[in-house]
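The chains carry the letters A, B, C, D, E and F, assigned in the order they are written, with residues numbered from 1 in each.
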Amino acid sequence: MRPSGREPNQMRAVTIERGVAQKAEGSCLVSFGNTKVLVTASVETSIPSWLRGKGQGWVTAEYGMLPRATGSRTRREATAGKQSGRTQEIQRLIGRSLRAVVDMQLLGENQITVDCDVLEADGGTRTASITGAYVALSDAIKWMDERKLTKGVALRDSVAAVSCGIYRGTPVLDLDYLEDVEAHTDANFVMTGSGKFVEIQGTAEQVPFSRDELNALMALAEQGIGELTLLQQAAFAP
Amino acid sequence: MRPSGREPNQMRAVTIERGVAQKAEGSCLVSFGNTKVLVTASVETSIPSWLRGKGQGWVTAEYGMLPRATGSRTRREATAGKQSGRTQEIQRLIGRSLRAVVDMQLLGENQITVDCDVLEADGGTRTASITGAYVALSDAIKWMDERKLTKGVALRDSVAAVSCGIYRGTPVLDLDYLEDVEAHTDANFVMTGSGKFVEIQGTAEQVPFSRDELNALMALAEQGIGELTLLQQAAFAP
Amino acid sequence: MRPSGREPNQMRAVTIERGVAQKAEGSCLVSFGNTKVLVTASVETSIPSWLRGKGQGWVTAEYGMLPRATGSRTRREATAGKQSGRTQEIQRLIGRSLRAVVDMQLLGENQITVDCDVLEADGGTRTASITGAYVALSDAIKWMDERKLTKGVALRDSVAAVSCGIYRGTPVLDLDYLEDVEAHTDANFVMTGSGKFVEIQGTAEQVPFSRDELNALMALAEQGIGELTLLQQAAFAP
Amino acid sequence: MRPSGREPNQMRAVTIERGVAQKAEGSCLVSFGNTKVLVTASVETSIPSWLRGKGQGWVTAEYGMLPRATGSRTRREATAGKQSGRTQEIQRLIGRSLRAVVDMQLLGENQITVDCDVLEADGGTRTASITGAYVALSDAIKWMDERKLTKGVALRDSVAAVSCGIYRGTPVLDLDYLEDVEAHTDANFVMTGSGKFVEIQGTAEQVPFSRDELNALMALAEQGIGELTLLQQAAFAP
Amino acid sequence: MRPSGREPNQMRAVTIERGVAQKAEGSCLVSFGNTKVLVTASVETSIPSWLRGKGQGWVTAEYGMLPRATGSRTRREATAGKQSGRTQEIQRLIGRSLRAVVDMQLLGENQITVDCDVLEADGGTRTASITGAYVALSDAIKWMDERKLTKGVALRDSVAAVSCGIYRGTPVLDLDYLEDVEAHTDANFVMTGSGKFVEIQGTAEQVPFSRDELNALMALAEQGIGELTLLQQAAFAP
Amino acid sequence: MRPSGREPNQMRAVTIERGVAQKAEGSCLVSFGNTKVLVTASVETSIPSWLRGKGQGWVTAEYGMLPRATGSRTRREATAGKQSGRTQEIQRLIGRSLRAVVDMQLLGENQITVDCDVLEADGGTRTASITGAYVALSDAIKWMDERKLTKGVALRDSVAAVSCGIYRGTPVLDLDYLEDVEAHTDANFVMTGSGKFVEIQGTAEQVPFSRDELNALMALAEQGIGELTLLQQAAFAP
């Protein structure tokens, strides 16, 4: 039924390759099927001016997409002179998701900027970004720990994200581009490794959805996030 | 327990005054307690270039906040030279919410732009905006009907929005600013008059939330939207 | 003769309602007929960097217009990414007009920003803005006096503004939109309560004007400003 | 009494050299004392889109200042990424002043853009610009006449401008920079060769001015414009 | 002597991997040592407006760098709101280099946009970009040939680029970052496969260079370009 | 053979008039035939933040072109809201060229900004700018010497620039606009008075060039720079 032949509750092949950017304190190349995102986490020993003197750190994120990550070329935002509303929405979401699992006091007066740059886009770029961002962030914090820049265990939990949607009447997990275009309802779930929600964004594209449908999507998301959490753990294995 | 003395499931006083902008095809002043938004709906008999020749219309929204709608003055976005990420996120949400209840074919090749300008902000500006935007939009479509610009009954349902959150451990309905600042979880619900979901945006500010907590918030939202729907209907009464 | 049926020297109904913005240190809603401007005055205990260390304060103004204040929707300046030349001209005029009646030394090292946002536009938005701005400014300075932020009586005089023009050959007072579009000459006068000039801006739209015509407009302006000054005083009455 | 030793009603030495820009249809270098402005008038056989099909032309102006036209270097507006409010105000004034003496119907569907670029600034750059702009515009229209691009005598009158002010209590003509900084009142007058007013902009810098003072400034302006009109005529002499 | 231990006339390891971007008509990942650039060539069947009706095509290039391609994070240009002067210089150079080997008539009325995005930067990003851009462009033109979009053999020659410089007194080939920072003279050479020059840019960083030194750099460049041309040919081998 | 009737190795008439801008610490009007550039050098006793505390100075350049310096009017960059890629490339080139002959340590913690504004453009605006910029810079440094702002003889050499190209098969010196448009190869050379190279930029417009052709252009450049160096010296003669 699904264009890819997947089962409704079957995720795409997900891979996380750490350490791909030589210069970054943390990095990974995360793939959800044909969606590929290069994530770097950069540690800066300075913080935004509005945080100075509060003895705490900050985590922020930026998101971009290479012009030909998409089927037809998308205009480069640097040429357009501004980030689109969509881009800003996504990078704000990534930043909030990461901050939900970081103890800012224990981070010390340091800032970590996580850059998620989409090399290829086939649906789910924001959920792949968040899932990979946790891995890169985690490595950056470990780098800080080794240099005694943190004041304790700053990471409280892991975090991952997945999208679900109602495709031709059936709730399905991890939408790819073809499904995303057609789905009547599209929801992104960000959850911690311990199974709690950090963010839910559900949108009815054309047909409003019922509470039952939302519950079905939530169940799929819980399963998917469980799988992603295991993959994140595996990525850290020696 | 709530700063305003309200019950957990008690909304603020909500008023909707139609026809406040003499020149607009539809307009209202909507108040959720001390939050006041001036909404206008403007009909234009042209459509965005990417829609031309498709025989359909479009509904879009813009959002702004007067500099002193807030406790301390906020920089004017026209002076800053761009809209903030928050502003863009909100106006995209309003636009999607309205489009979910409009049949674009029946609208004809016309565009309605809904402007939501916050005169005073005390929490819930986006939910008040959506709730008022439906009323202004509805009047604008009636204006179009009278001039035979539509091709049928373009409005499929009503739409309204409310925020809920977990304040000091208790799920509460319709957060005001004091609650919003402190709430651990903040969720915005957009629903149709017929009780279906158009949009859910739930965010854990510091502490991730459980599925039970989300269910409690959803129940509050359903009640609140029910009340708002009645108030919208009352606003149209002669 | 006038579209509104007014006498040549008859102003529109003018109302000034103080305290409409709960959070601002000073505010009013000023109406010149169907032109409605929401004015707020915001006190900030910091000053522009180029004034630091000079022991004086500053008064500045910003001007905006809601998109549907006009007969057909005007593009939002925050979306366009910049303020128009017209907007900048007007806000510079408002700022100069207010500064002409304020003693910057007695204001202390504080800045007052006056925001004039046009809710409905029917001609004379800049003159209504200045007239209302004085009222909001005055309340903000009183607020400062009560908190001992000023160093004496910083307000030296009152200030108000009115437009005059030559409409179908006759000098008339307080042009509305219909007259403004057609008038051959359009002049804005800013005067103090004591009857002196702060600013004169006279423009021949198509037909240059003579010194006699200018004198006739000045006489009308003096009368109009006299009436506005009384209305400002009345607005402060208990 | 004046820093330059001039009489109160004495203008600076004014020179107008035509034809300085080889490529422009009209041009001149105009000097008011040490203020020097290079003016070009460019004819384009297209018009702004909002004028198309109306069978008329348009005249517009742009204004700029070289970074080191001033005593200390001013930031280049092209680097800053926008024109200042002051620049926009001035170029709008120049454009209105020129349009007041041009019959747009007789200009045909052509646009003339007049560029005023200040090479050295010593007060009065906007009045020198307008005075020179008329000369460049006039040559550009003559160029059009020769090519039968106009439909008749499009120039209805000449136009020139001068500033006056109250300097140390005395009304003086044609302020230079030292006077401009200190003057209590500063007024710019734009008048036609036939002695009528096109534009008056009077501003009280610190002390409001009386009607008598304004009349004294007007008398000085009439004298100065008379002299400038003769100089403009002389510039056209073979 | 060189930080990398290379001989003066020894290039870094260069690899070119074609077809890395699934959606692009041509693409490659090009590496010059640790410098890695992802290049895509996008075919669009429309051309810039200034070329319409001339029966010819166009090739243009854009250049970007991921924020953490560098040792410390560089600000994202999309966030800064504009491309830097350096970025614009580089993308103009890439575009000119490619256009030098394409017959625009034979390309038909199509545009090819080549995007060079630097994933890792270790010196020579512009020369690696040009070298890879030729490969991606070539594949895109082959794609067009197969669809009969071209009017003949549009590629006239191959093109590649390399940098040379004087490092500690010795002319060396293919500078890496450590050498680039310290080199007294830095020159970029763009040459065709047939051994002619397309572009030379030589810059004395601190010490001006002599004609002999330039000749030595040219000889190194000719050798390096010869090697790169072979590598480009090898990349196309089945 | 050349449109101007010049010999292949004949430069246009070059004039350098010093001291044309009264307020600048150094200035000149430089002409290469009909190309005219007004150059000012401004001394500021502050330096960019990234240089603070290093005990050295800085020299930077900006470039602009009056809208009607060209045959048809070019859009003003201040109106467009940004400098073009071409402008940025040129001003970066001018800055690098000047810095190559200045000892930054001996300049003290001061910055000199050189502004090159093209009044008329007939080819070679960047080479005329550099040639004049040296003269203005030199006067500004002399001004600093007199005020003991420098720490020694900061100017190490003179610098000048000229373009050469292959026009209808013949290498020619100092291209004017008509030649520039048609030339197959266009190269700009920046050289010191002592005959060394500071910058070489050679571009094949359509036909790649050979090493022999480049050598021929270099020989022409050496001759031309020799002449320009003498003219620079003559400009300083009493």
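Basically, a residue touches a chain if its C-beta (ideal position, glycine included) is under 8 Å from a C-beta of that chain, and two chains touch if they have at least 3 such contacts.
These numbers were taken from a predicted model, which means no experiment stands behind them.
Visitor: Following contacts chain by chain, what is the lowest number of steps it takes to reach chain E starting at chain B?
Guide: 2
Visitor: Quickly list, by label, the chains bordering both chain D and chain E.
Guide: Where chain D and chain E share a partner, that partner set is F.
Visitor: Whole-Å distance, chain A centre to chain F centre, using C-alpha means?
Guide: It comes to 50 Å between the two C-alpha centres.
Visitor: Just curious, how far off is chain F from chain B if you go by their C-alpha centres, in Å?
Guide: Taking the mean C-alpha position of each chain, the two centres sit 59 Å apart.
Visitor: Centre to centre, by mean C-alpha position, how many angstrom separate chain B and chain C?
Guide: 33
Visitor: Going by the touch rule set out above, which residues of chain C reach two or more other chains?
Guide: 81-82
Visitor: Answer with line, ring, star, complete or other to describe the graph linking chains that touch.
Guide: Topology of touching chains reads as a ring, each chain with two neighbours.
Visitor: Starting from chain C and stepping next to chain D, give every chain of the ring in the order they occur.
Guide: Starting from chain C with chain D next, the chains run C, D, F, E, A, B.
Visitor: How about chain C: which of its residues touch chain B in the complex?
Guide: 21-24, 27, 34, 38, 40, 42, 44, 62, 64, 66-73, 76-83, 87, 113, 115, 117, 119-120
Visitor: Can you check the complex and tell me which residues of chain D touch chain C?
Guide: Going through chain D, the ones touching chain C are 82, 85-86, 88-89, 91-92, 96, 100, 157, 187, 191-192, 194, 196-204, 206, 208-211, 214, 218, 222.
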